[in-house]
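What follows is a pair of complexes built around subunit A, which joins subunit B in one and subunit C in the other.
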Partner chain A sequence: MNKLILLFAFALVFVNAGAQNRFFTKDAKINFNSSTPLEDIIAESNQATTFIDIEKNEVAFSVLTTSFKFRRALMEEHFNENYMESAKFPKAKFTGKIVSPIDWKSEKAVVVDVNGELTMHGATKQVTLKAMITPGKTKVTATAELKVTPEDFKIAIPSAVRDKIAKEVTIKIDAVYAPYQQ
Partner chain B sequence: MKNNLLTSAFILGMIVLYSIPAKSQDLDALLEKESKPLTTYATATFKSTRIVNGHSVERMKKKQLEFRVSHRFGELNTGSYNFWGIDQGTIHLALEYGLTDWLEIGIGRSTYEKTADAFAKVSILRQSAGEKNMPIQLSYLSSTEIIGLNTNPAMQQNFSSRMSFVNQILIARKFNESLSLQLTPTYIHRNLVPTELDRNDLFALGIGGRYKITKRMAFNVEYFYVYRDNAITLPVTYYNPLSVGIDIETGGHVFQIMLTNSTAMREGGFIGKTTGGWSNAGIHLGFNISRVFSFNK
Partner chain C sequence: MAKLKTFRIILWIFLIGIVVGSAGVYYVFNMPRRNISKENAVYTLEAKQLISYFKSDEAVATKKYLDQTIAVKGEIKSIRTLDNHSMVFSLEDEMEGVSCTVDSADVVKSSSKLSQFVKGSTGTFKGRCSGMLMDIQVINCVPE
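Showing the complex of A and B:
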């Protein structure tokens, strides 16, 4: 009987410990810039959902493409209708692994390499990016930047507007994580 | 003792069951679970704020200004002397602005009867699916038109007799990425009508639709059934306006090219006074050009 109670207590501790390995937020910021001298194309979403698993060194992002806000309403419409085809492919996703060493107890900002798969517009591509992570007990912050080309994700750009849209799109990420409670 | 053991085993079983999903859930599954509940709103039901002549449910969003130039050539059946209508032209210019995402106001000027107009378009319902479900979009349009012609003595004596008022309820649904349809019940009050026999109050039902041919091109049809119980007694034969058109979108512009039996480009004119018929080639070639400017930030 005593052994059973011991097991019970152990199981409880075990469950709690599992929960603290993960940090998450529902309002991470993602912005992208594909401006050219001809046209300013900047958009931001602050509704990205993201997780960090500090035990497995894994990260995951998901964002609705319709949540990106543009300065021009017409640009936003074209982004969703003609380029991202948001009705068909509503989400953009990233899942990856932190491949550089990171000390999650240090609470000091560290630049790490992240390898993973970026999926959008129904196409998936292997990407490598640099991220700056500041670990903490109750708060983890991360910023990252990467460059992608629309062609890699089968996003067709008509020749008439090709000069107005940058060949390489810069994506910036800014997330503040809190411990994930199940 | 035996009972106690069973209870303990049961609790243990529960704990094991509880902790299994917590461990086996990967980040992918967690993302799915924590992603915000999806309500997707239908956007771009139509490419432009007009289907062809009549308003669509689309509006300018907040701080977006649209400049519209609409042009109709003359009637095709006017023959070679008139170069089948190309020698003539009727123009409508308009500035339309989004005060908020749900309210648009606009002013316009037409060479047809020297008409000035002002309107407001309010979005009441938005089509959405998912968490919030709404099968249709619903907007209300209120427009006032003032005829500027100096040829009618009654209009010169009394300013209010130049005015007419348009009320429309726009009900639209985007069925899929290609097909959108709209019903437009219309009520027009005209302070002064051409003859004693014409009714001051005019009721009409508009039916419009668009079908996307490619991502940037769409085919449009628009028809208004105008209720005239006394059509036979009227000295002028009026027709119901029927228009077919193509939208071509290029960045900040939308071009609309159409064939229509109406000369006018305002509701009071094309619903109330269309005198060309498709059956006798009383149709016009025409185009609308829309350019959008943003005043955000």
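Showing the complex of A and C:
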């Protein structure tokens, strides 16, 4: 009987540990800035879904391109219709692995390198980005930044407006993860 | 004399053209946002139906519903307020249901209606479908 209880307790601990391996949020913030002195181009979405698997040190991130908000409605239209072609490619995705050491038991913020693949506009590119992760038992927070060029993702920008859009676009991510219970 | 008259007419046409043209450019540049509350829903359906459409063939459903104004009805499973004060109502399932986001300005405008929407009640939201991640996202929502 005692053995059975022990087994049960062990199973419970094991199941619980399993549930805590993944953290997620559906409300991650992602913004990008491609401003030039000629034009301020800033867009933000609060609807990115992202997972962190703290056992495998893996990260996944995805966002719907039509959820980005710009200062002007016209920019939004151009972004979705001409540049991202959201009807054809509605999602942007990143999957990667944390390659720097990270102690998930500590609750101290640590800067790590993340290697992975970024897919948008139907094109995939290997990227490395820096992220600051603060581990925790009930929540994990992360911020990250990376720079991309539209040309890497086959996004054609007409020469008439090329000077208004930055050559390098800075993408910033801000996420507060909660434990994922399946 | 006749020459001068023609010249004047051409000059006027030219000036009017510039004024109309720049007004047009100004309007397009500062084009107003879509006002979902004034738009009629192209599709009105149950959240469960929408979920099953997207689950059976995401590509086809995306093509049909992306950027369309839709009205979805379903049981509210969770209510969240984001940092920017917009609110997210998840219909039918918190993880894989329909997430309706009401922008902060509309949260203020329709606060009395939204206060009736509690967990477990049935709500209808009209908004713009932006596709599916885990859940189907409907943005710029207004309660109906």
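Couple of notes before you dig in:
Here is the rule we use: the second predicted complex is superposed on the first by the 166 of 182 C-alpha atoms of A that agree within 3 Å, B and C clash if a C-alpha of one lies under 4 Å from a C-alpha of the other, contacts with A are read in each partner's own complex, and residues count from 1 in each chain.
As a working rule, a residue touches a chain if its C-beta (ideal position, glycine included) is under 8 Å from a C-beta of that chain, and two chains touch if they have at least 3 such contacts.
Small disclaimer: the values here were computed from a predicted structure and weren't measured.
For the composite obtained by overlaying on subunit A, subunit B and subunit C cannot both be accommodated without a clash. Among subunit B and subunit C, the chain that touches a larger number of residues in subunit A is B. Once chain A of one complex is fitted onto chain A of the other, the partner contacts of A:R71 are limited to subunit B, with no touch recorded for subunit C. Touch criterion met: A:R22 reaches subunit B, while subunit C stays clear of it. Applying the stated contact rule after C-alpha superposition, one finds that A:N33 touches neither subunit B nor subunit C.
Touch criterion met: A:A60 reaches subunit B, while subunit C stays clear of it. Shared-chain residue A:A160: touches subunit B; no touch with subunit C.
When the two structures are aligned on the shared chain, A:P90 is found in touch with subunit B and with subunit C.
Look at A:T170: by the touch rule set out above, it reaches neither subunit B nor subunit C.
Of the two partner chains, neither subunit B nor subunit C is touched by A:T143.
In the superposed pair of complexes, A:N46 makes contact with subunit C only, with no contact to subunit B. Aligning on the C-alpha atoms of chain A brings subunit B into conflict with subunit C at a single listed stretch, 129-137, out of 129-137, 147-155 or 219-227. The interface of subunit A with subunit B overlaps its interface with subunit C at residues 26, 47, 49, 62, 64, 66, 72-74, 77, 80, 87, 90-91. Contact residues of subunit B toward subunit A in the complex are 4-5, 8-9, 11-12, 15-16, 18-19, 22-23, 27-28, 30-32, 34-36, 38, 40-41, 43-44, 60-62, 64, 98, 177, 215-216, 249-252, 292, 294, 296-297. Residue ranges on subunit A touching subunit C, taken from their complex, read 26-27, 29, 46-47, 49, 62-64, 66-67, 72-74, 76-77, 80, 86-87, 90-91.
By the touch criterion stated above, subunit C contacts subunit A in their complex at residues 28-34, 62-63, 66-67, 80, 82-84, 86, 88, 99, 101, 128, 130-135, 137, 139.
Those residues of subunit A that touch subunit B in the complex are listed here as 1, 4-5, 7-8, 11-12, 14-15, 18-19, 22, 24, 26, 47, 49-51, 53, 58-62, 64, 66, 71-74, 77-78, 80-82, 87-88, 90-91, 93, 95, 158, 160-161, 164, 180, 182.
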